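Structures given as structure tokens follow.
The two complexes that follow have subunit A in common; it is paired with subunit B in the first and with subunit C in the second.
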Partner chain A sequence: MNDMTSEGPMVEFRKDLFADERDDNLNEVGKPTRRQDILGHVTGRSPFFDDHLFNGLLHMRCARSPHHHARIRRIDTSAAEKMPGVVRVLTGRDVPVNLNTLLSLLDFGLDDEPLLSETKVAYIGEPVAAVIAETEAQARAAASAVHVEWEVLPHVLDVEEAIKPGAPAVLDIYPNNKFVYHGKYDHQKLRYGDVDAAFRGVDHVVEGRYQMSPIEQAPIETCGAIAAPEQNDRYVCYTSTQALFFSLGTAAKMLKIPSSRLHFIGGTVGGGFGGKVDSIHEPLAILGTMLTGRPVKYAWDRAEEMQVGAPRGAERWYITDGVMANGRIVARKFIGYFDAGAYTRLSSYAIIKGVGHLPGPYTIPNVYADVFCVYTNRTPATAMRGFGITGVDFAIEAHMDKIAETVGMNPIELRILNAYRDGDMKAHRREAKNCALIECAQVVAEKAGVTLSPEFKAATSMTGGGGARAALPAFTATDEDGRVEGFAATSYAKKSGASSAPVPGAAPASRPARVQASAQSPARPAAQPASPPSAAPVHTADPADKKPARSGAMRFSSLSGFRRR
Partner chain B sequence: MTVHKGRGFAAINYPIGMNLGGDPSQALVHSNPDGKFTVALSAIDLGQGMKSVTRQIAAETLGVPVEDVYVDTADSDTGPHDMGSFASRGTHRMGNAVIRASEEARQVMLEAAAEELEVDAGDLVTDGKGNIHVRGAASRSITTMAAAQAAQFRQGRTIAGRGIFLIPLSEVDPETGEMSPVTTFAHAAMLVTVEVDDETGEVAVTDMQSAYEVGRALNPKLVEQQLRGGAWMGMSHAAWETTEPYYPTRDHRPEDFNTYIMPGPGDLAPHHISILERPAADGPYGGKGPGEMCANPVLPAVVNAVYDAVGVRIDDLPVTPEKVLRGIQAIGGAKPRQAL
Partner chain C sequence: MAKTPVTFTLNGSAKAAFANPGQNLLDFLRREVGDLAPKYGCGQGTCGACTVTIDGETMLSCLVLAQAVEGQDVRTASGLATGATLDPLQVAFMDHFAAQCGYCTPGMLVSARALLDRNPRPGREDVIEAISGNLCRCTGYEPIIAAILAVANGKARA
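Entry: the complex of A and B
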């Protein structure tokens, strides 16, 4: 299956590797079958959302904030309403439930973002009114005639500036511009072993600071939706969403309408890359249809796609590694900041994903991470290809080369030396299996003509792991840094913080704050507080103050019954 | 002016599916009276080939030719719930749901065939070409069409199946981060060659050598397309694109492809791809998701290669000519290393 060129094969399948783990005699799987929808695509006949142009279709355009951060004193739509072709101008008052967070469907996080903002804006481009008109040009003209009286507020754009005392509050509901994890901490922790103790015994400490740039998903088809009245008091919505039921559930919640009255159609989308999960267009287009009785299209133009559409967010990572002279990494510490922009969207989730990924594909006996979801006055960030992983992988792999230089090793050999193997314990306390990092490194080295020493050439993911490498750390240093009060735990949190998976040799835990893997653990350093400030269940006295009622909206987690209380 | 060549390496793994589970997918499969199958989903085909890969998985499991299967997605009136196409979850989660739905439908199809052939359903096999026959006795056979017609019009059976795949939600320990993030990991390694112009600071990626481990290449052409496109995106992210070149300031704010710069076809480097397949225990036919991880190794490999070429470490993406030139100035001229 090799396409040969003068420079060698462009694609090769290394069927020789892991051959005994695979049955290659299948009928359809493994065949280069032509795609089901290719004829429609190459002849321009595949129906995308924007091909459903109903008679009498109305067009929606939003009036947006020109400021990074401002209070809204007054929105005057009277001039816009008198413009030619204008059918209706919507503001936040027209949205039945004008506050949402995308992951409320998973019961994760507090509702923080309006569909149309009424009191305050927190980024340039934030929508405050939606004009519905007979033509797109008329809607565009009228949107610019919406008059808003602004009171400009101080803004903050850098993640580390945003968490300093006295920084402007981007979102009122989270303290110090930081998302709250598990109702308890202003960051997500990873604690495995004791990095500080390990640093004291290493030959080298290698430090680095890495900045991940924000980028645009840049799909060819910009985000959009077309809604229309359907028979029997229902609404149909053609959409470019990447997640049909996320968008349907979000629309049902914000429009206070049962899902049985919504008919969502999509599935053929002109590229997404993560930028089409935010479910903004569907509720607005359907609301327009509900209030005008006519089909309504709401889609971004390219400028909006790039500046209003949520990009991959910026991330900043600090890595400190403790390394032995032979290249073994024995301690790795991360401090990470995700720039969520003005609202949470999915950044909170990406951090948990990223923390579960640390310290990368390497077996390191001591790992520590504090990762913060930080609000700034920029366009909210959202998912993009590799969400939660791409940024930290950039940091880790740039850092690995610094380590290779520090200890004078071939960088590929350094990766193989530290690579995780089948049976190793990972920092999130689960065993590694089905590993193949070493083999990938070896294949590339061979192709590129990088000579590996016999030891590294002979290494495999299938042997050399487990045993002592499967053991949990004898002692893990924990702390209560970043504790917050007054928040209820929601999804992704254990009720009391106690470990659900049994830790070998652990004493029955009555306190959540320590994990001890064996009786012979060394005593804790004196700096450790004698006991956590509070071992009682997380304070839940005022969740109603923090969390608007959900009006019986769809929730995947509760519906599926896997939210544990 | 001198153009310096450098090489850089990176290796990564990638978690497949929504972190912590809790992201179910469902599928429904049914037969028409003539033995052709429809698969109803709510998955999204973003161009990655969602319809095609689920179609192949359904055909494989049902034991019928791929032409006899059509995938219909995403209509919320007919397709059951799915979390969506993101997090490299489509092939893994939905592929498993389709397998389960297809297995249930296949069982009814075999029972219908068994009744017609007067044999035990457990003795029947499919040949993948539209026939069902007794194992070891190819002449005792019935077409899937005849079996479907018999089921529908004589036996009163429904050749249909339901499937769901759910990894229950894992909780996270607030104190230690203990969690079950995902069950399956893909892998990759990448070596890139760059040329750095020490007068202009321009960086060109001139060659890419990669190895990607994808569990199983369910459709090798679709996998290649993902890897090629994804690596291109990674290269662009490393050395071309950003919405905010002077982060954290927001002054630039590109609004079109004249001010948001991406490489064109002439900027693409030859990419030599090796595909490794170590099947995942819970992947559909062992498959993982190649969709996201393909971009990730390129970013660090490019900055590592720039250092190899001129001795300048760029820890802030993207690599721009300005940063390269300032870096060269700061170290008093290019310091080629060519260590790899």
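Entry: the complex of A and C
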């Protein structure tokens, strides 16, 4: 298979970089190889969920909210039930456990989202009833005959509007439209050193505001599932899910049946990109099968995929950097607003991931971040390719260019100057290892025909790090901003499942619903060691001046394990 | 309403099946005839996953009424291989990593085959034009273009 293409090797190995990090007798890497599933793909025989045919298959379509935000006064399904071909119309009352949050399987977050909404809708397209009919056209016609009496509520579509006092509460359980982290704070915090003290000693303060749009994953195969009765009172479910066991656990929870009664078949996914983890189709299709005794397919059409399919969430970032005249960044402050849309899905997790990634791949001695998971009346956001990272990376790199412009520096050299080097301390208090940004930047410059000055051309990730750059800040400024009360400090969800769910439709509380009455008051963070703020380290020197990396340090390579270099 | 019998040729074999009223060719091929290679991606003629040829012309089967193929010659990706012998395009797609999720692949292959049947030596622009109605969300198209050109240039393994 080495004669597949005449264009030569597909991967370029740089023998000068990280030679001791890898063996050269690789079996697969660097050589063309066939995917194990590609014969099925090119012959059209790969079994996608919809390629399983069933006699007597029923089709499910949902009636959806035309409003951004509305209370449901009444759902009248009587007309729809009389439509030709209609077998059954489901509403929220038919769902055994009609409230869930995806990450409840990891015991993270409050159950906030119904499968079929009964009391309130919080985004356009939110499903309120599911029609099951003999044909898709009949299901479609009957879904439009479901009559809902709405009480339209004020809505909010902008993250910063949503967290202002008096904004409409998207979810009753998060009345301030902010997810609660760790039972303590209405945002995710990162505190490292003292940015405000550092800003006082810099040559430039560079500010920027960055806005990313939601992005639809747009797989060519729309999301869907087919369920059918099996022997021994089990149900089989063919699904497009990207997360088979996630979907299995979610279906078992919402249908209140042991997962041993569910037989999930998946793994052939017609493009996912994150948009097929939300586990909406499987419980509905299985519920349809449970209530009709027949195979039921629930799949989105293209319009639904684009409108109600959860996208990558929009993000808004404010970055303030303190920069020395030589381009060294000594302080970086983030205020981030992540638009979760109407329900949590995976946004709360995306922020934890994103904050762990700050301040980007740069050694900055003072870092501050407040990142909010904000509810708005937009389509709920979910996973998409590096979600939590890609948005803020765009902001960071756009900001790096702005800094380069401000200090009059080549933007690639600015990145090399500030890049992580082996042995540096990262803002989340882990040592930087196996760094490669400098080498990547050098290759980019070479490929782009950008001439670097000899100093930056000679820089390496393996030297110049550690030492003072490995030191934790002598003082870290902390605060209690965004402290909330009334949320359980250790766990958000009770183990008992549905019974822990706050009552939907309850009067919007001025306080968050008390999920778990904690006997003892939430633990306060330990008092900070008293250190003089003047000790905030401000690195202004060029990293090349620093002493070389500690020789003989252990390095980890996924190929060869731990190794001393 | 009554079902309509439709008699046609599918990948060289005579076929007859009943079409439901208003049923499109895509649904008819998949549900009534059992050829699952054409895929549903949009149902509105924008994604190309359902591409077939009818009398040699590429068509979007989601936009064709099943009854319209009465007496006509329909070809899908299922007909590309002859027994265990793959079409050179199928081999080239495998070798060039021209499929990731594989969902657009049957339609993409039908468009590529139709191109090579009418123009055995297409240039890059011809290839791009020929697959411009087939959306792929995974590959970024370059591996697909390379695979088709490899066959056109005789560089693919037969």
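Operating definition for what follows: the second predicted complex is superposed on the first by the 467 of 565 C-alpha atoms of A that agree within 3 Å, B and C clash if a C-alpha of one lies under 4 Å from a C-alpha of the other, contacts with A are read in each partner's own complex, and residues count from 1 in each chain.
Rule of thumb we're sticking to: contacts are C-beta pairs under 8 Å (C-beta built on N, C-alpha and C of every residue); 3 or more make two chains touch, one makes a residue touch a chain.
The shown structure was predicted, so the numbers you read here are calculated from the model rather than taken from an experiment.
If you stack the two complexes on chain A, which partner ends up touching A:Pro361: first (subunit B), second (subunit C), both, or neither?
The answer is first: A:Pro361 touches subunit B but not subunit C.
Output check: A:Gly465 vs subunit B and subunit C. Expected answer is one of first, second, both, neither. What do you get?
The answer is neither, since A:Gly465 touches no partner chain.
After lining up the shared chain so the two structures overlap, which partner does A:Gln307 touch, if you call subunit B first and subunit C second: first, second, both or neither?
First partner only.
Tell me which of subunit B and subunit C touches more residues of subunit A.
B
Have a look at where A:Asp51 lands relative to subunit B and subunit C in the superposition and call it first, second, both or neither.
Second partner only.
Please indicate which partner A:Gly208 is in contact with in the superposed arrangement: first for subunit B, second for subunit C, both, or neither.
The first partner, subunit B, only.
Quick one: is A:Arg35 in contact with subunit B, with subunit C, with both, or with neither? Answer first, second, both or neither.
A:Arg35 contacts both subunit B and subunit C.
Looking at the overlay, what does A:Gly322 touch: subunit B (first), subunit C (second), both, or neither?
Once the two structures are laid over each other on A, A:Gly322 reaches no partner at all.
For A:Gly271, select first, second, both or neither according to whether it touches subunit B, subunit C, the two together, or no partner.
In the superposition, A:Gly271 touches subunit B and subunit C alike.
Tell me which partner A:Gly336 touches in the superposition: subunit B (first), subunit C (second), both or neither.
neither
Which parts of subunit A are in contact with subunit B and also with subunit C?
On subunit A, the overlap between the subunit B and subunit C contacts is residues 1, 5, 7, 32, 34-35, 37, 218, 268-273, 302.
Note which residues of subunit C are touching subunit A in the complex, please.
Touch list, subunit C to subunit A: 20, 22, 30-31, 34, 36-44, 46-47, 49, 76-78, 80-81, 86, 90, 93-97, 99-106, 109, 135-138, 146, 150, 155, 157.
Inside the complex, what are the residues of subunit A that reach subunit C?
Residues in contact with subunit C: 1, 3-7, 32, 34-35, 37-46, 48, 50-51, 53, 135, 137, 217-222, 268-273, 301-302.
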